[in-house]
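Letters A, B, C, D, E and F mark the chains as written, and numbering starts fresh at 1 in each.
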Amino acid sequence: MSEVLWNHLTAAQLRALAARDAVVLLPIGATEQHGPHLPTGVDDFLAAEVCRRAAVTASKQTPVVVTPSIPTGLSEHHMPFGGTLTLTLPTLHALLRDICRSVLRAGFSRILIVNGHGGNMTALNALVTELTAELVTPIAVASYFGAGREVIRSTLETQDGLMHACEGETSMMMAALPWLVRDEHLSEAHGPRITLPAESTEPVYMAVPFDRITRSGVAGDARVASPQKGEAMLAGCAKALAEIVVRDPWAK
Amino acid sequence: MSEVLWNHLTAAQLRALAARDAVVLLPIGATEQHGPHLPTGVDDFLAAEVCRRAAVTASKQTPVVVTPSIPTGLSEHHMPFGGTLTLTLPTLHALLRDICRSVLRAGFSRILIVNGHGGNMTALNALVTELTAELVTPIAVASYFGAGREVIRSTLETQDGLMHACEGETSMMMAALPWLVRDEHLSEAHGPRITLPAESTEPVYMAVPFDRITRSGVAGDARVASPQKGEAMLAGCAKALAEIVVRDPWAK
Amino acid sequence: MSEVLWNHLTAAQLRALAARDAVVLLPIGATEQHGPHLPTGVDDFLAAEVCRRAAVTASKQTPVVVTPSIPTGLSEHHMPFGGTLTLTLPTLHALLRDICRSVLRAGFSRILIVNGHGGNMTALNALVTELTAELVTPIAVASYFGAGREVIRSTLETQDGLMHACEGETSMMMAALPWLVRDEHLSEAHGPRITLPAESTEPVYMAVPFDRITRSGVAGDARVASPQKGEAMLAGCAKALAEIVVRDPWAK
Amino acid sequence: MSEVLWNHLTAAQLRALAARDAVVLLPIGATEQHGPHLPTGVDDFLAAEVCRRAAVTASKQTPVVVTPSIPTGLSEHHMPFGGTLTLTLPTLHALLRDICRSVLRAGFSRILIVNGHGGNMTALNALVTELTAELVTPIAVASYFGAGREVIRSTLETQDGLMHACEGETSMMMAALPWLVRDEHLSEAHGPRITLPAESTEPVYMAVPFDRITRSGVAGDARVASPQKGEAMLAGCAKALAEIVVRDPWAK
Amino acid sequence: MSEVLWNHLTAAQLRALAARDAVVLLPIGATEQHGPHLPTGVDDFLAAEVCRRAAVTASKQTPVVVTPSIPTGLSEHHMPFGGTLTLTLPTLHALLRDICRSVLRAGFSRILIVNGHGGNMTALNALVTELTAELVTPIAVASYFGAGREVIRSTLETQDGLMHACEGETSMMMAALPWLVRDEHLSEAHGPRITLPAESTEPVYMAVPFDRITRSGVAGDARVASPQKGEAMLAGCAKALAEIVVRDPWAK
Amino acid sequence: MSEVLWNHLTAAQLRALAARDAVVLLPIGATEQHGPHLPTGVDDFLAAEVCRRAAVTASKQTPVVVTPSIPTGLSEHHMPFGGTLTLTLPTLHALLRDICRSVLRAGFSRILIVNGHGGNMTALNALVTELTAELVTPIAVASYFGAGREVIRSTLETQDGLMHACEGETSMMMAALPWLVRDEHLSEAHGPRITLPAESTEPVYMAVPFDRITRSGVAGDARVASPQKGEAMLAGCAKALAEIVVRDPWAK
């Protein structure tokens, strides 16, 4: 099963995958505060987990490989809480350029950046536009929670889409990495509901420090999270992502 | 009436506006192909026109000034049509940083970037996040057609929101700059309907060259455009933008 | 007549102009204090106006198109007066590189940057040298007041060449955009005479804040300005610029 | 035990560690070919593993936390083998700057970059010098195999120090992640002995493509590797690293 | 006498000079073809020589120190001849920024960049403007041949100002470093007369490859050069430069 | 003899050397405090001197040319002493890129950067790796004191390798430029012994301000320096460097 992870494979195996024009999933998350009950690595863990599952599923139809995830993203708005690592936009641009260029030089041609962090969404769209021109190769991007929007909506009780350290993320962490969920803090793990900026219909956008929105660091309500919901969402997001891969959006 | 345009004002007038903490609108458009019937400057002209109208309206309640518009944006996807000027993302970042910093050094504190080009949307959101951190001042951004979404939806017959060189943009050009609309080409001015990437619910994003989408360069149907619709939309977008300004989103 | 302005033309018209190897004029000005009587946009307005006139004239002999003007330039020395927007040199370099590259990709090969601001002169010469190597295409630059040096000298009463917000600039604004001249402040509109740094024979150069030179923001004497002088200079500068274009300095 | 990993901790826990001025270990590896028998992630896995062990040990005396590892480094010389991801030096500089700055903003002051890749060594020394000046805070760097030089030397049979995909790295992978070692390819896993450039006494340095040195991708002899040797080295390197941490090299 | 050269002085001596607010001369030249008879280092040698002489003279009235010269400048236009080293504008900017910042950090406040290469002139003016803002300290620049314009004009027989590898430069090399002048090639050392771009009154500027201007690499006539003329010019330029230093242009 | 110095040669001579694929030595030093008895230019002077001697020797077997030396390097750690000029790493990268690219464009293919400053060592190794990829040409680097390690070790009485302003550097200055050695300060010219960071076996590296190591600015003991030792080392280092050149490390 680990045969889908780039860093678990030998160079010879990767050369063989490149020769078959395997799809390359490039997960990117964030390392940022996730309320009183979740670890700071949530976005990175979940992006990587969904990628791994999607790759295993899609591999039955088309070869797929998952690069090491980029564990840090754009998290300036969470800095006031501490425990947060953030990149600037030019650094993220440079990092994605170097990794994508390496993947192309290794013989692959189909790259899908898989995002796990709401704060990365608009930037990744803008950067993918830029990288497509710079590398003269179409680079695709999707957020795993965008791909799995339907399953998330139908699974969650208190929200329509992912918020932050919420019913959704907490449930998925309970399913994937339960030992990293602090049950003793669950009762504090709630806050106002938000819409991710990239999904908002609010016409004006400003970068709002997250501590103006929530004191607990949570947006949404983690108290109703469950591993069953989490498993349903992880499976559903992975399935949706696998379908995208198989559909081959890079083909003209 | 021209008293709202930065470049029409004297330095003394601008110092007085800064002393009153006037809101600064910074229009940005694009210079890119707009079908057989519209000039390449449409996005720039309309962003500037809406800003000017909004500023005149809002000025009754709060002082407002409009900087010279940035006539070029991110238009790589239109390059295959010719007649198109495009910036790279780092250049747009640098340009906005220098202009915003100048505005702040001139004594103002409230900046709203007003966008007129679909292809700038995600990049502007990402850049505004970055500039807010770099300049230690909240910078806001809105697309004029996002602010006026409701009036656009209710006015248009063949589409819900703006597309490209479409019923909407053509109508507004007929209202604002009718001598720049080539009526003799209107009959060719139609193409498939699209959703702006930033408003799309499609989970995967790729930068698609626009000539893969439409041969005419038009997305939507300009044949049903009219100056009456255009005037309604310009007025409505300006009113919506003025309301945003008066609401003062920079206030904590 | 508007057929010479890039942003007034359709993509098809621009493709046709490129096929005829039209000359591309790229005006650049500044947005900076211009004394008590002139708006901050003077340098931008006049560069664009002279370009437009020159293009109309030269078009009788060779195809010409004028890009949207760059409204901001290098104006750090005017910052103490307020009301001023300035770019850094690396930003101006990036901006010109992107625009020139777009023009070349659109099929044109002959670019003349037309400058309207004394403070841009040496930088533009240096940048044009750099861009010529970067883009492997010769890029030319001229200041409109350099092209029209003779007519300016013979028209002005109190000065030999353009200064700042002076007899010359004020006269041209009276001819081109009279409603933007504040007559009620003309009596204060005078200051010491200067030579533009790029035309100075002074061996040492330092960047002197303009408020050390003049308290009014004016260098020269605007009190003797007249629309007749302005029209003579605009017409003369445009004629001189048109002659440069027709002479085809890009030919080997 | 997972209490030493930044991304396993909550923001509140990290704030508490910052308040105690915990040491921050920042592992960096590489994703590059490692012969026919080892996965491409070796350098990243081993740097992270040694950091984790060192942090657990040192934590008994002083608080320590380990950031997510940087999985990619400078691997241009391995590109000919395929399966390799490489950063450029400016990108690595930008990435380390952003992460270190975030760590400092999160309240920590003592950072030790822990390297797992020979090809990163000189660059990291140079970058740490630069970051120390840029961030006005001393940043330390050590390669785990430099810290554990003695135990490596005394454990290995066929070499004095680490080479590449060699007796040493293979043994440590057998101890830490045995399921990722391809035993069936061990018999091919040997090549000429090398000295890491940064440890070489050869006066001239050139960046030699690794395929000029070894056809198998291995430098050294993995055939004599064993999990016992690997465990001895991992334990010894971690102990040595822990001693460095406890010694507090940041103190004046 | 060597007591004016920064690199000949000890740190203690330089601290003492900084304490007296000594003027710092920073020579910059070029390494580029200089015809059949002169070495490629001419512009560097002459800038350094004039600085040294000026510093010795001015030191009688005010303390002066001369940094190591920057031996390379902007010489793209000479590349077709071979033997030429050139910097790009951003590199020259970065280099001057680092050196000027170091000089300021060393306790000095008055910097005069002394240029010896026509091709650097406009760029240095533009960069000095930028550095003055970046370093919040006025930086001055002068070309030695601008400072000594009068003595050059009155000394030369066949030209008014310096050209390239001409009567002027050849004479000064005969006076300063006669063993580097190839007398056997003097008879070929002539070419068309030029005006340095920065001193030209031609309204259009383009970067013309120097081999389009002259086949010999010479502009002007070196055949009438003499060491007597050279000594007169070196002495005169140094005197003029010393007077500038003593005049203290940095004082408000 | 000066026939090996690039800036002493004419363009025609350099074209001839390029046609013979001459080796290009590119010396780089530093301008930084060197104790109470030595001038700040020591590292630059000695790198250039060894290059010149090596080039003369090697020229008997293979053509060699020496570019103008880069007089400034990475000297941040010496800034507290005053009298020191330092570059940042990105500036040094840009400078070396431009110069190496010029050398290649001039027709040469074999470049050896010859370093004279301990603080440049790791950075130069990292930059040479980068430049080799950027310029698609192998660039070599050696420190002159690394090439001559044996002769230095056997000549010195109180140290094994070069330190700073020590027995070694002082002796070489006594041999090469004795008038720049302040004998009256020799008695103070001693300090603790150090190992150059790049040669250290200490596993942790931090950038230590040099004034924490030595109050005199000297590491080692200059009191036992002599011109005889200096001449032996200069000759030996040059011989070793010439041998490297003749051995042709660029050949595959």
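Annotations
Please note the rule applied: a contact is a pair of C-beta atoms (placed from the backbone, for glycine too) under 8 Å apart; a residue touches a chain by one contact, two chains touch by 3 or more.
All figures in this text were calculated on a predicted structure; none of them were measured in a lab.
Shared contact partners of subunit A and subunit F, listed by label: D. Contact with subunit A and subunit E alike is made by no chain in this entry.
Note on connectivity: the fewest steps through touching chains from subunit C to subunit D is 3. Seen from the C-alpha centroid of subunit D, the farthest chain centroid is that of C.
Against reference pair A-B, the listed pairs E-F, C-E or B-C yield one interface repeat, C-E (criterion: more than half of contact pairs the same by residue number).
Taking CA atoms, the transformation carrying subunit B onto subunit D includes a rotation by 120°, reported to the nearest 5.
Subunit D has its Cα centroid 26 Å from the Cα centroid of subunit A.
Measuring from the averaged C-alpha position of subunit B to that of subunit F gives a distance of 57 Å. Multi-chain contact residues of subunit A, defined as those touching 2 or more other chains: 88, 90. Taken as a contact graph, the chains are arranged in a single closed ring, with each chain touching exactly two others.
The chains touch one another in a closed ring; read from subunit A in the direction of subunit B, their sequence is A, B, C, E, F, D.
Against subunit F, in their complex, subunit D makes its touches with residues 74, 76-77, 88-90, 93, 112, 119, 121-123, 125-130, 132-133, 138-143, 146-147, 149, 197-198, 201, 203-207, 212, 240, 244, 249-250, 252. Subunit D makes touch with subunit A in their complex at residues 2, 5-15, 18, 31-41, 44-45, 67-69, 71-72, 79, 81-88, 90-91, 94-95, 97-99, 102-103, 105-107, 179-180, 182, 185, 217.
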